[in-house]
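Just below is one structure, and these are the notes that go with it.
Labels run A, B, C and D following the written order; every chain starts at residue 1.
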Amino acid sequence: MTNLSITINGIEFRNPILVASGIAGYGTEWDGLCDFEKLGGVVLKGVSREPWAGNAPPRLAETPSGMLNAIGLENVGLDAFLDEKLPALEGLDTVIVANVVGRTVAEYADVCEALDKHDRPAALEVNVSCPNVESSGIAFGTNINTLTEVVSACRAATGKPLWVKLSPGVSDIAPFAATAVDAGADALTVANTIPAMAIDVESRRPVLGNTYGGLSGPAVFPVALRLVHVTAHAVDVPIIASGGAVGWRDAVAFMLTGASLVQMGTVLFSAPAAPEAAVTGLAEYAERTGFKEVSKLVGALINKG
Amino acid sequence: MTNLSITINGIEFRNPILVASGIAGYGTEWDGLCDFEKLGGVVLKGVSREPWAGNAPPRLAETPSGMLNAIGLENVGLDAFLDEKLPALEGLDTVIVANVVGRTVAEYADVCEALDKHDRPAALEVNVSCPNVESSGIAFGTNINTLTEVVSACRAATGKPLWVKLSPGVSDIAPFAATAVDAGADALTVANTIPAMAIDVESRRPVLGNTYGGLSGPAVFPVALRLVHVTAHAVDVPIIASGGAVGWRDAVAFMLTGASLVQMGTVLFSAPAAPEAAVTGLAEYAERTGFKEVSKLVGALINKG
Amino acid sequence: MDPRKKNRGLYECEITEKRRLGPGVFEMTLAPFTADVRAFQFAMVGIPGRGDLLLKRPLCLFDTTPGKEGEIKILVKAAGEGTKALKATPVGTRVEVAGPFGEPRDIPGEHIAVVAGGIGVAGSYLFAKQNAQRISAVYFGSTTRWDDEIYKLLEELGTPARIATDDGTLGRHGPITELLTEADCDAVVACGPPAMLERVYKITAGAGIRAYGSFEARMACGVGACRGCAIPAKPEKASGKEYLMVCEDGPVFAMDVIDWERYRAAGI
Amino acid sequence: MDPRKKNRGLYECEITEKRRLGPGVFEMTLAPFTADVRAFQFAMVGIPGRGDLLLKRPLCLFDTTPGKEGEIKILVKAAGEGTKALKATPVGTRVEVAGPFGEPRDIPGEHIAVVAGGIGVAGSYLFAKQNAQRISAVYFGSTTRWDDEIYKLLEELGTPARIATDDGTLGRHGPITELLTEADCDAVVACGPPAMLERVYKITAGAGIRAYGSFEARMACGVGACRGCAIPAKPEKASGKEYLMVCEDGPVFAMDVIDWERYRAAGI
């Protein structure tokens, strides 16, 4: 029997498959359709200090082998998250990671500080792709200075493992990865959705209420795979892959490239059973190829030539 | 009858649909399968000063609704291009654009200078996504300084309309667009392929001989569409869209967003008749929606809200 | 677990039957589907064999036979790529179906007018069937005449049926909402295109009749997780919320909860 | 226009017949396809209905009836996603086919041994058929026994057929190349997996026999435009070129032109 468990930042995951943030809501919405106890863990919907109403609809658009979302990080806010959402997961036997969003550095830090006191989230994943309202709306994660600020502030606010979820839309992800680690990240999630757009030619208008949205799903998998490869060569902390994984083959590819954990997101919409199937397929692959521990797959890519 | 013609940089295109560089070879390879005389024009395979052998195979990989290529800009070099390839197009009644590649600024400039003397290419499209061998292999187009250098040098070398084909993998394309225009670009092609990767989990190796390749095809269309939208707001020169267009709907979307011309590439592999069908569909759309001239579609997007 | 969540599930259904019911409209029978279904609930139906179309499509449960040998019927209008592909899918194909989703809302009233515009009949039919005693009439309007079978199905409900077509090929010539102005009812439930819903709202608001509508939105999850299916609400009528989720809070809403201006602007 | 280019075209074919010929291997008849076809030429075949699989698949023209009522037969092995989808495609479906492509190469020799490894028979068969008088024997090896029909087809060629299977279920037990060492021929044409081709090259090079092989590469265009289907060549044997294009210069190459080491490293 293959040992599927992976330990990073002192947290043991029963297997490397997680559900990505924004897909699993607050952990109970998929009850009866996707069994998170069979997975390594779940990253909850991004939480901000105050409740956010989110963007004007439409918030979704389908694209070839992908989708756009412009949810606008709608969430219940920190108080309801602590008082209602986290307690509802008490009986859920899987690793819970909280995802942190903010419009200012202070907001990020406040959320981290409050979550630090709660015993449930095993780690905090900081989404640095939010628009920085103090700096003309540019995403924190696409500027080295604001990335440093936000990660340092979160680091100071929590002793829990700190994951930084990088933005894919940068010229070279390596310096951003190094910056996040220097500022205190214990692991990096690579990466968030790619900025994109859809138009309805009949109405001659953008489809999304927000005009722009983030591209996810299998269409972006080859892009995310390369980003994981680049990041794995740039830093020494564990990497959590996110972007377009739909099955065990993608999970294996991400791990070979250097990811310790693999988040699955969009695929839940087409196949809620996919993460569980990926765990099974991953185990079979490891068995078949003689890996007694899936952790040994991490970075086991053989170079060309 | 709708007027399909578009004039940019003083060049008249019979319609806005072009075939993208690297897809149509040197203009004769698709004979009998795709009729370029029905299209606005063809951008030829990138040409360098000396012949390039290209990358080790495999050079192609299929991905969900997309493909990766790592051809390595294999081409016959300037001499054969001038002596054999351009003369073979003498009878071809469509606009011919040459695509210029190089490893150093001097190489780019030399190719532009030589092509400037030839009367056939109506415009020169400079592919700035090539690795810069004088600067640790980083693509010219992802650094503001090298972009300025290469575009300025090409500008000095030719009086023909100069198109600069931007790289999509930058944090914010707007300053790159502005830089290219300041350095002398007459139009911008937005954009090239997105850096990506594929792995064969059975051999545990990268699929491509070059490890990394460029992602193209419908998967990237939403990303390209946004880049065109951003660029159209950043500069005043005409924009030529490239990335994932497969039919008239995509062509219309690109034009509404601000593109004057639309290049089609990858779709020729799945449907060589697609560009011609896009011309027909575009004409029908314009007719149906009351646009007497397709040129009026350019930038005719209605904003949200 | 919330008992409603216990009722739902993920099904690998087979298309056991398919028949045309109107222009571009077909009925599909899917089995097995063992869950109980309440009117206006919907399922998320995958498009088989189309790796490029990721999202499942939300489709009302038109009819249902629950239990061990359970099956569902859906009514699909070939609108865009996905529903066209579904139309072309042969009997015998397997389709992934998740559901039933949506809040099974109780509509108070003893003389309820059921208004269906076009494919909106897909949701209205089951409501009329499950609440036959309380239905004053079923109003069904479409752009042009559908096939005889659909009118037969409505007749078999045993409730009065009022028919209109925009082109006058059957029943009253014009929008179905014109018939509604003569309706004798204490509540209205409408299912159809946004413009029809808004028209129903205006008519009923003027007459002081409680009106409910079944609303559409683009969906990804169907279960309230992704927050994609937002519909603009009047916060003062929606416990302070700016948006409600069609999948979780709806798809049926009291019409006075909707912020019609922002809804129209969204052009859903 | 080059006359070879005049012969090729883009066809909207219908699948008119499908039958199994071996394990995971099926024959598909496609019509109309009116062009002349030479042995080892191939077509680029689209995967119908699969918007996520963009690239057409290169497939040999197994047999052909040219002219107005023309049709082609292809032999497909369900290998990956696309060929599996093709296998599942029902008769009557329309498929986009482009071709014929590939250099119609003349193989000199009066006693030619034709070697087919597994699905390599798809290309070898038509060559044997078009050059029956010059064929010393057709060697067909596979991992296990195929269906009777394929052996019947080979027999009907009227040339001697030598059979081997890796598992011994038919003919000689072992690789087909072992039979080749006993061959009496002045040239060999081989079509099959890379390892078989290399083995054939070694055997023939040792014996001083001219050998040709039909090579595979991932393709996008099939017409020499994209430069995707490169195969490493010995520049001194290939007019100075480091790479040849399988679609344009091949798929059949004299085996001594190939740079076997770089070919193996590529792991095509």
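To be clear about the criterion, a contact is a pair of C-beta atoms (placed from the backbone, for glycine too) under 8 Å apart; a residue touches a chain by one contact, two chains touch by 3 or more.
All figures in this text were calculated on a predicted structure; none of them were measured in a lab.
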Of the other chains, whose C-alpha centre is the longest way from the centre of subunit B? C
Report which interface contains more C-beta contacts, comparing B-C against A-C. A-C
Could you please state the distance in Å, as a whole number, between where the Cα atoms of subunit A are centred and where those of subunit B are centred? 33
Any idea how many Å lie between the Cα centroids of subunit A and subunit D? 46
Chain centre separation in whole Å, for subunit C relative to subunit A (CA means): 35
Residue numbers in subunit D touching 2 or more other chains? 51-53, 265
Each of the following residues of subunit B touches two or more other chains, namely 56, 61, 64-66, 203, 205, 209, 217-218, 305
Drawing the touching chains as a network, do you get a line, a ring, a star, a complete graph or other? complete
The answer for subunit A against subunit C in the complex is residues 22-25, 28-33, 45, 53-62, 64-67, 69, 71, 74, 203, 205, 209, 217-218, 266-273
Which bits of subunit D are touching subunit A when the two form their complex? 51-52, 265
Residue ranges of subunit A in contact with subunit D within the complex: 64-65, 218, 305
Subunit A touches which residues of subunit C in the complex? 1-2, 5-6, 8-10, 46, 51-56, 82, 96, 98, 217-221, 223-232, 241-243, 248, 262, 265-268
Considering only the defined contacts, which subunit A positions touch subunit B in the complex? 56, 61, 63-66, 68, 138, 142-143, 169-172, 194-199, 201, 203-206, 208-212, 215, 217-223, 225-226, 229, 244, 249, 252-253, 256-257, 285, 300-305
